[in-house]
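There are structures below to look over.
Across the two complexes that follow, chain A remains constant while its partner is chain B and subsequently chain C.
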Partner chain A sequence: MLTIETHKEDNHDLLVIQGEIDASNSVILDQKMQELTESGSKSILVDGSGLEYISSAGLGVFMSYLEDFQEEGITLKIFALSPRVFEVFKILGLDQLIDIYESKKAALEA
Partner chain B sequence: MKYQLKIYCKTTALADLRSFLQTTLNELKLSDKDRHQLTLAVEEVCANLIIHSHQCNGSDQIKLEVKESPDKLIFEITDKGKAFNLLDYEVPDLKKVISEKRKGGLGIILVKTIMDEIEFESNKGKNTCRLIKWF
Partner chain C sequence: MIKLPSIHIGKLSMLLAILVWLSLLFVDLVRLFGLLNELESGIAAEFTWVLEILFFLTVYLFYNYSINKNSQNDFLNLIWRAASTGIVAVFVSIMINLFYSLLGDSHLFNDPFLKNFFYHVNFALISIFLISSALLWKHLILYQKTKRVVKQWQAYELAMLGAMFFIFFNKNSFDYSFLFGFVLLVGLAVILSGNLKWIPYLTFREKWKSLLFLFIIINCCGYLFYQILLYSDRGMFVVNLTDNLFLVSLFSFIFIYALFCFLVTLFNLPTSSVFEQKLTEAINFQRLSQSIQPEESEEQVLDILVDSCMSAAYADAAWLELGDQESTKGFLQERFMEKEMREELSEIIQNQKLAQEWAVENKPENLNPLSLRLSHDRFESILLVPLVINKSAIGRMVLCKEVRDGFNKEMINIISTFVRQACIAVENHRLLNQAIQNERYQEELKIAQRVQKSLLPTKLDHNETFEISAYSNAADEVGGDYYDTFKLDEDRYVMIIGDVSGKGTSAAFNMSQMKGIFQSLIQLNLGPAQFMIKANAALSRCLERNHFITASIFLINTKEKNICHSRAGHVPTLMHQNKVGKSEYLGIDGLGLGILRNKQYENHVEEKTFKYSSGDILVMFTDGIVEAKNEKSQQFGFERIRTLLEVYHELSPKEIQTKIIDALHAYVGGDGLIDDDYSIMVVKFSDE
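Presenting the complex of A and B:
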C-alpha cells in the first residue's frame, strides 16, 4: 500500500509518503514529483517518517530529478527516514547527493 | 530448512514476495537490518525478471527457494524467461546513472552490495540465480 499526499506549508511543498514504494507503484511518486515541478515549486520537503520500504524503482525516481532540480534551483530535502530505510540510501551513496535530515525541524533550519 | 514461494510475473506480486521473505527471515532470527536488506536484494532480482525477462506476463511464474545452512543463506530464484545474468553487468557509476537519468542500474548496485556471492546458470531454458549471504 502506498499513499502520497502533498500540501503547501509556507514556501514549501510537503510530500508525505506512507507505505511501501516498489516497481508496481513508483510511478505514483514520479507523478507527484512531476506535478510539484510543473506547479513551480522551489522547495520540496519529503516526510519519510511513514515510508516503510523503498526499492530501486522509488530511489530511481528521486535520482532522476536531481540534475533538473539543481539547474532550476529547486531544493529537495527528505526528513525522518527510519534507520533501515536510511541505510538503503546510504548503500547507494544517495545520502551524499540528497539532503537528508533527522527531523522536519532540522530540515527547515538547514 | 527450505522455504519456497511461487509468484506470477506481475509487479503487484512483489508485495507478496516481501511478505513471504519477512515471515521467513523472521523465523530465521535475523536482525531487522538484515531482513530489510535481504528482502530488498531478492526483490530487485525478481522485479528485474518480471519486467525485463517476462514483460510482466501474468501467466509466467518465478520460483523462489530460501535454503538455510549453518553459515549461509541461499536465495535461489528460478524462471523460464529470457536469461538475465546479473554477473554480466558491472556495477554502474552512480554519477552516470544520474546524468543519464536512468532509473535502472540502481538495483544491480543494491544486489551486488548486499549479497556476498551471486551464481547464475541457464540450462535448457531454465535460469537459476543464486544469491548467497554468509553469516
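Presenting the complex of A and C:
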C-alpha cells in the first residue's frame, strides 16, 4: 500500500510518503512529482519517515526528475529516511545526487 | 440363396391399379354385352364391387407411397398437387362432354359401350383425385400433430375402409343406412377439418397462392360431384360405381376441408403480417445468438442487430455508432440515412433535455431505450438504444420513424432483447479474441524466456586457478538480472553482474542491451572505471528516462593475483578472506548507470585494486536476494549472506551458491514467492 499526500508549507511543497513503493505503484509517485513541477513549485521536501521500502522502479522516479529539477532550479530534499531505505539510496549512489537529511529540521536549515 | 428382387411399392401399386381398372372395365363391358344380347353373363355385381374396392386400395397405396417419398413437400406444393389432379380430372370430364356434344345425335352417341368406357375413365379420375387429395389433406391435418389428432385420423381411415365395404350390405341403394353412414363420416370430416395449424406459417404471398389453389379444388369438387349426380340420374349403367358411400363421403371431406382452409386463410390474411413479423423476430434472435462464433466479426453482429431492430420496429431509418456520444470515431452503420441527416438529428437529440438527462443520470447497466418526440420535418419520433457491454456503454443505436410516437412497449421490449443478445455476442466475441490473443502472448513470452536464457552464459570463463558458479532466477517469465564472464587472455578474466531497474519485459530488453554493451566494450581492454563511464554513456542514449542499471565489474588477474573492481550502484560484493577467516563487503562508491547522463558521471565512479590469496571467495549477487522478505516482512539482508559465507567458505562455489539459495528459500518460506529477479555468482580462488 502506498499513500502520498502533498501539503503546502511556507514556500515548500511537502510530500509525505506512507508505505512501500514498487514497480506496481511507482506511477503514483511519478504523478505527484509531475503535479508539483507543473504547479511551479520551487522547493520540494519529501518526508520519508513512513517509507518502508523502495524498489528500483521507485528510485527510477526520483532519478528521472533530477535533471529537470537542476535545469529549472527546483530543490529536492528528502528527510527522515529509515536506515534501510537510506541504504538503498546509498548503494545506488543517489545520496550523492539528492540531498538527504536526518530530519525535517535539518532539511529546512540546510 | 435366392435373392428376392426388391419390390418397388410405387410402381407395383400403380401397375396393379391399372390392371384392376382394366379388369373392372372388362367385367362391366362383358356384363353389358351379355345384357344387350340377352345372354346371362353370369357375373354377379359383387364381383365388380370387389374390383372397385381393390382399385381404391391400390390407388391409396400408390399415393401413400409417393407422397411420403417427397416428404419435404411444403404446404403450397401439397395443395398444388391436389389442385392439379382436380384440374386434370375436370379437364378430361369436360373433354368427354365436349366430345359427346360434337357427336350430336349420331349412332356413336348412343353407343352404350363407349358411354360405359368413358364412365369408367371418369370414375377412375375422380377416385384418383379424391384419394390423392385426402392423403394430401392428411399431411396438412397432421401438421404439428397431437396424439388425439392422430387417433381421430386413424378412426376416420377405418371408417372410410368400412364405407368401402358398405356396398355389400347396402346393395347400392339410397336408404337410411346410407344416410346414417354418410352423416357419421361427414361429422368425422368436420372434426378433422378443425386442424389448420399450417395456415399461419404461410407468408402473405403464399396465402394468396393457396387461396387460388383451394378455390380451384373447391370448384373441381363441385363440378365432379355434379357429374356424378348426372350419371346416376341417367341410370344407364349396369353397375353404378359412383353412388358409393366411400366416394360420396370422400367428396364431402375434400370439399369441407378445402372450404375451411379457404375461409381460414382468407381471414388470416390481414393478421398474417404480424405472424410473419414474430417469426422474423424469432429467426433474427437466433441469428444473433448464433453469431457468437469466432469467425463472425463484431461488425456482422451489429449489422444483423440493426436490421433486426429496424424490422421489429418498422423503423424508417436508423444508425448505429460506437464510441462516445461526442466522438463517433468507432464503427458506424447507417440505414436510409445520410451523413448530414445523421448529424442534424444527433444535434437535435443532444439538445433535448430528456436525452441529456437520460445520458447523464443512469448508470450504463440500468439504461433503458428512450423514446423521444422530435421536431424534425421528416422524422417525428426516435428511439435511443444504448449498447452496454460489461457495464459500460460502448455506443448507441438510433431508430427513426416518420410517425409520431411510433415506438410502442412491445417494440421496445423486443428491441431491448435484441440489443442485449447482440451485446452478449459482441462481448463473447471480444473475450474469445482476447483469450486467443493472450494465448499468443503466452507463446511469445515463452520464446522471450528462451531467448533470454540464452543471453546468460552457459559456460563461465575461468582457468585452473579459480572456480566459478552462477545462477539466475526471474520473478516473471523474463527478468532484468544479468551476469557474464569474459576471457581477456590466459591470465585475465572479467566478471560482471548487473541488475536492471524494474522487472519483467522492459527489464529484459534493457538487460539484453547491457549484454551487448558489455560484450563490445570489454574487448577494448578498458579498466573497470573506464568501462563504467563508457557503459553509462552508451546506456544514457538508450534507457528510458526513469530506468537505470546497476552493475559490479571485476577484472581478475590470476598472474598478479589481484582484482580490479568497480561498482555502479550495485549491491556491494561479499568477499571472504581466507587468511583472516572473515567475510566483508567491499566498500566502494559508485553511481548506477543511466542516472547521470552526462560527463559528470565520471566524478561518481571509483576503481579499486586489491590482492587476493588462495581460498578467498567473491560472492556477487543482486538485490533480489537481499530484499527477499519472509512472512513477517523482514528482509533477508546482507548480514545473513555474510554469516552463511563465513560458515560455508570451505565448500566449493557451486555448493556455497546452493547453500545460500536454499537458505533464502527457507527464509522466505516454503511456498513464499520471491517477487524479484535474483542472481548470484560465486568465485573461489584455488588453494595452491
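Here, the second predicted complex is superposed on the first by the 110 of 110 C-alpha atoms of A that agree within 3 Å, B and C clash if a C-alpha of one lies under 4 Å from a C-alpha of the other, contacts with A are read in each partner's own complex, and residues count from 1 in each chain.
Assume a contact is a pair of C-beta atoms (placed from the backbone, for glycine too) under 8 Å apart; a residue touches a chain by one contact, two chains touch by 3 or more.
Only a predicted model underlies this, so the values are computations on that prediction, with no experimental measurement involved.
Asks: Specify the outcome, clash or fit, for chain B and chain C once both structures are aligned onto chain A.
Replies: Aligned through their shared chain, the two binders clash on chain A.
Asks: For A:64, select first, second, both or neither according to whether it touches chain B, chain C, the two together, or no partner.
Replies: A:64: touches chain B and chain C.
Asks: Of the two partner chains, chain B (first) and chain C (second), which one does A:97 touch, if any: first, second, both, or neither?
Replies: both
Asks: Quick one: classify A:84 as touching chain B (first), chain C (second), both or neither.
Replies: both
Asks: Have a look at where A:14 lands relative to chain B and chain C in the superposition and call it first, second, both or neither.
Replies: The answer is neither, since A:14 touches no partner chain.
Asks: Now for A:23: first (chain B), second (chain C), both, or neither, which partner does it touch?
Replies: Touch status of A:23: both partners.
Asks: Give me the intersection of chain A's contacts with chain B and its contacts with chain C, in residue numbers.
Replies: 23, 53, 55-57, 59-61, 63-64, 66-67, 84, 88, 91-93, 97
Asks: Going by the contact rule set out above, which residues of chain A touch chain B in the complex?
Replies: Interface residues on chain A, with respect to chain B: 20, 22-24, 53, 55-57, 59-61, 63-64, 66-67, 83-85, 87-88, 91-93, 97.
Asks: Using the touch definition up top, name the residues of chain A that touch chain C in the complex.
Replies: Touching chain C: residues 23, 30, 53, 55-57, 59-61, 63-64, 66-67, 84, 88, 91-94, 96-97 of chain A.
Asks: List the residues on chain C that touch chain A in their complex, please.
Replies: Residues 499-504, 545-548, 550, 568-572, 589-592, 595-597, 604, 623, 627, 635, 676.
Asks: Quick one: which bits of chain B touch chain A in the complex? Just the residue numbers, please.
Replies: Its residues touching chain A are 10-12, 14-15, 18, 32-33, 36-37, 39-40, 43-44, 47, 50-51, 94, 97-99, 101-104, 106-107, 109-110, 113-114.
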